[in-house]
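Once you scroll down, you'll see the structures, which are given as structure tokens.
Presented sequentially are two complexes of chain A, the first with chain B as partner and the second with chain C.
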Partner chain A sequence: MDIAELAPPLVNSLMLGSLVTLMAVGLTLTYAVTRVLNIAHAELVTLGGYTLVLAVNQWQWHVIPAVLLAMAVSAVAALVMDELVFRRMIERKAAFLYILVASIGVGIILRHLIFIFADIMGWLNVKARVTINPVFRLGYANVTDLLLWVLPIAIISAILLYIFLNRTRIGTAMRAVADNLALAAASGVRVVLARRAAWLVSGALAGLAGALWAVYSPINPEMGWVTLLRVVAASILGGLTSIGGTIAGGYLVGFGENFGIFFARDWFRVPLEYRSIITFLIIIVVLLVRPQGLTNLRFPWQRDPNRVTREEA
Partner chain B sequence: MKRFKSLFAVLVALLVTAAFAQQTVPIGVLIPLTGGGSAEGPYLRNAAEMAFEEIHEMLDAAGQDLRFELLVEDTRTTPEGGLEAIEAVASAGAEVVIGPWSSGASSGARAYANSNEVLIVSPSSTSPALAIPDDFLYRLVTPDTLQGAAVAQLLDEEGIEEVIIFHRGDSYGEGLAVPLRDGFEERGGTATMLAFDPDISDYATEVSTLAQEARRLGENGAIMLIAFQPDGLNILGHARLDPTLGDVRWFGSKDALSPTFFPPEAPEEVSQFMADVNLTGFLPTSPNNPIRQEFEAAYQERYGNSPSPWALYMYDAAWITALSVISASEYDGAVLKEIVPTIAKRYIGASGHKLLNEDGDSAVGLYELLNAREEGGTIAPVPIGSWDSGTGIITRFE
Partner chain C sequence: MPWTEILVAFVTFCAIYYILAISLNLEYGFTGIPNFGKVLFYAAGAYTSAVVTGHLLTRLAGGSGADVCTARSAALRETFAAQEPLAIMGVFLLALVASALVGALLGGLLSLPSLRVRDVYLGLLLLVAAEIGRVFVRSTPGIICGSHGMGGIPNPFSWVSPAGTRYLVYALLCVLVALLCYWLVQRVVHTPWGRVLKMVRDDEEAAQALGKNPAKVKIQVMMLGSSLAAVAGSLYAFYSQFVGTEDFVPFLTFLVLSMVILGGQANNLGAIFGVLVMTAIDRFTRGSIFSMLGIDLPFDVSYARYVVTGLVLALLVMYRPQGLFPERPLRTPAWEVWRRRAKSRA
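Moving on, here comes the complex of A and B:
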């Protein structure tokens, strides 16, 4: 095989992996802190995409303030969702499954509102008017200026999220709430503030992902919904609670989507139409080998902190 | 006795009201508002609404109280969506539907239509697989067997020896790709079929695979893109950034040459790429008759933009359906099935003459040969020729 043929799937994997990661870490964060598996997260992504399109295509904004606006709008929408629906249900001791169904309902409502807006604006399929350009050639692929933005943004967002959760008071509060709500409340942790912060950060990340997607590719009102399965898969690969595992899951989805079909076609002549099936086959195999997902992954020379050696025993 | 008198008065009043009440007939309008055909949905809805407003004006002038109620349903451009849409309008009393737009949605709705005797008058679904005699599906456009033959002839005339047919993996994509492959191979060419999943959100991987295949093409190789607008623009957007695909000659299916692939609906850089790769293809067209001109002017005035080519067919589907309902002895799908071919035979509308063949599809096929190129400071599909199904000859304007 010509080694240059590996460049296009590599470039596509990094782009898709970064976008899925940005979408999935927000989903993981809200689940970890509030125990809500928010299916309406998909619509927060779409909302971010359409906000960017509105700012860039209609108001002629520069792309950077437009991205910030998209993050703000999705963050506020996420907070409103929680305040109006999820927090009230949790206070009334609703079961996890009921809250999950409610999040599907919230998602449908938001999707239809976005649909009405897109129909009025004539944007049922629209791309932000931001031109992507090739920067340099890598094998048979062109590396674009967008990838050179998206990849660092995804990595920096993940690092900032890590610092936020581990080095700030509000982040520590969020982790305390995630570990044990009752104990956190008894210890004086401001539980409501912590969960509000989780929803705001989660929404902002979804908005960021949607905005970048609208620059990358045309969007439609179902964009988030269609991508949701991959996002949930990435989050599940992260054990639904681990940010690091979710990042690994996001890139596994990205690489699985691209290299999976690349080798399946090359080795077994699998038709291109089966791309999605191959991706999910890879995910199933990973979960069969590691049912806990990609949480607590270590290099072989690293010690498992939970494992007690015979000497220590 | 007094009680009986008042009861009698109420009964008479009810009968009089019923006799003079406006008769409302529900008509299903199945259009794609989501999925691959979403770009077309608003055009089709607007065309149907304009047609029925004109029909109501005609009925008013004739002193008739008949009114049509439009039941608009989204087919999602999928077979499942088509089935759900026809079930929804049929349960609301519709005996006839105009639409669906796509072959996928029509194939989903067709079985229900046959078993429940609900008539479908589709303006546009073109898959040859739906060319079936004596079913409850009429189509006001010619099947893609004709377009496949026309494109095969075009490729041959342009000196193409190898072609990759990059197509939607659905009934529309297969329906055009297969006759094209067969026609091209009969002419001595080599065709490679490469189907893609039409229901995904991004096509970067598919475009990379296409580029991989394109690197194996010889000097006289080409790509034939069979796509709808959302998937097509996504594909062309990624192809623009690929270092291989800009060096290959491209051809496109009818939708790739429709206005929805060009500014202002499409990004300018994508249209520029279409011009750079000399993208050429056929689009079913209609003679430039006064009805078409009147409809296009009215549409432009009302909505501020030109109608899509398929809006013309939808406008005619609405008129043929309404005229059939007005002529029928009762509002019944089976009765309408008998009337529509007669009305269509004597009907010349915005999209031309609508004579139907034995399969219930348009018997007259006229295609415009279009090429993406700069005209008036913007990239647009420019007519460079035509193809007539009767003669099988490509006539070049240049």
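Moving on, here comes the complex of A and C:
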């Protein structure tokens, strides 16, 4: 095989992995801090995509303020979602399963509101009017300026999120809430503030991912929903609680899908349409075999911190 | 008379959705298995029916089983069904039985994850399993024509004319099957076995401590529930006369879930109410009805219907997750004895 043939899946993996990572860290963040597995996260992504299209195609904005607007709109939508639905349910101590179903319901509502908007505007399948230019060739693939933007944005966002969670007061409060809500509240952590910050950040990241996606390829109102299972796969690989694990999971999904289908096609003539099954299988295998995902990975010679040896007991 | 047609379609869908609702109630309401992959078993029934008609009926009609996807083959099946009542009725019954069996098998297979994961994770896993099935069938032309779907699944009463009577007879048949399913499920759950289901739902460890086997019960429930869902899928295939992967999206599972929650957890009579309300929302908000009434909207009405369905689902789990109608005690022999004693004491 020609080594240059590997370039297209590599470029696609980096792109898909970065976008999935941006979406998945938000999903992990809200789950870790507020214990809501928010299926409607998908619709926050779509909302960001359509906000960018509205700003760029309709209002003729430059792409950078349009991306910022998309982030703001999705962040506000995420906050409203939490205040109206999830916070009330958690305060009434609703079961996790009911919260999951509520988020599915919220997702259905938001998705079809976007459908109505898109139908009225004639945007059921639309691409943002932003030109993407190839910068250099790598093997058989073009590396575009978009990829050179998306890759650092994803990595810098992840690093900023890490610094935010570990070095700022509000971030520490969020981690405290994630670890033990009752203890955090008793220690004087402003739980509601931490909660709101988590939802705002999560929504903003989803909006960013959606806006970049709208520049990358044509979007439709189902784009978030269609990508959702990839995002869930990445979050589950991160054990639903670890930001680092989620980043690794996002790129694992990106590389797994693109290289998985590349080799499957090369060796077994599997058609390209099967590629999403790779992601689905990741979810099923992780849930069945290793529900904690990539967190607490140990080498065989390392000691399990949770196991108490006889001497200690 | 389009209004009678709409009404007959409504009755048919109520019957089909009611079978789905009691099958989900059996798993979700009674046993606590959040089967968010319900649509997979519904699809399995529809596709089994398509396989049986595609291969058996085409051969009976004198065609070849190799090109069942073509329009010519579909037309051949339809004209044959209109002339040969016995053949099409036989094929229909065979497809119904085959669907029930395939559903039971698939349900047994997919109950295995429920022995390992629970709650939210199980729901997610089954949802993903259903999507794998859909993407797999859609991308494989060898299975029921892949993404194109298969037409020419004749109505078992094709030989009845006019068409209005035909659909009415089929609607009545669906109602009959739904009543049978209801009777079967009521017979099965009003037993000590039914109480074990609720015990597994409420406290699996306690059930184990009392010597019950939750794993066995879950497998049995998934087999029975999936078999019922497959029967519903088979009825749907013969009604719509076409199967395609776009009919079996996860949304349908959540539509049925909203029916179950609306009617009340573990309450099969209440489910009738849920089915009537949600099917009315589903059927009476089609674009064709709005244009008949002279209402012109700048967008596809279907989207508004989905918004309403999502709203119902979200509000229900927020405020009444146990449903509008309360759960009732199972009329097992033990409960009858207890009630008689309570009465004589009073």
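By definition in this document, the second predicted complex is superposed on the first by the 281 of 313 C-alpha atoms of A that agree within 3 Å, B and C clash if a C-alpha of one lies under 4 Å from a C-alpha of the other, contacts with A are read in each partner's own complex, and residues count from 1 in each chain.
The rule is simple: a residue touches a chain if its C-beta (ideal position, glycine included) is under 8 Å from a C-beta of that chain, and two chains touch if they have at least 3 such contacts.
Please read these numbers as outputs of a predicted model, since none were measured by experiment.
Aligning the two structures on chain A places chain B and chain C in clashing positions.
In the superposed model, A:88 makes contact with chain C only, not with chain B. By the touch criterion defined above, A:141 reaches chain B but does not reach chain C. In the superposition on chain A, contact of A:273 is made with both chain B and chain C. Contacts of A:281 after superposition: chain C is touched, whereas chain B is not reached.
Within the superposed three-chain model, A:15 lies in touch with chain B and out of touch with chain C [touch as defined at top]. Of the two partner chains placed by the overlay, only chain B lies in contact with A:265; chain C stays clear of it. In the superposition on chain A, A:125 makes contact with chain B only, not with chain C. With both structures placed on the common chain, the touch criterion links A:105 to chain C but leaves chain B unconnected. Superposed model on chain A: among 55-63, 181-189, 235-243 or 271-279, the stretch of chain C in collision with chain B is 235-243, the rest showing no clash.
Note: residues 115, 119, 271, 273, 276 of chain A belong to the chain B contact set and to the chain C contact set alike, using the contact criterion stated above. Of all the residues in chain A, the ones that touch chain B in their complex are 5, 8-9, 12, 15-16, 115, 119, 122, 124-125, 127, 129, 131-132, 134, 137, 140-142, 144, 216-218, 220-223, 226-227, 257-258, 261-262, 265, 271-273, 275-276. By the touch rule above, chain B contacts chain A in their complex via residues 33-35, 38-39, 41-42, 169, 194-197, 199-202, 204-206, 208-209, 211-212, 215, 229-230, 233-234, 237-238, 241-244, 267, 269. Taken together, the chain A residues at the contact with chain C in this complex read 37, 85, 88-89, 94-102, 104-109, 111-113, 115-116, 119-120, 229, 232, 271, 273-274, 276-277, 280-281, 283-284, 287-288, 291. Against chain A, in their complex, chain C makes its touches with residues 34, 113, 116-117, 119-121, 123-125, 128-129, 131-132, 135-136, 138-139, 251, 254, 257, 261, 298-300, 303-304, 306-307, 309-315, 317-318, 321.
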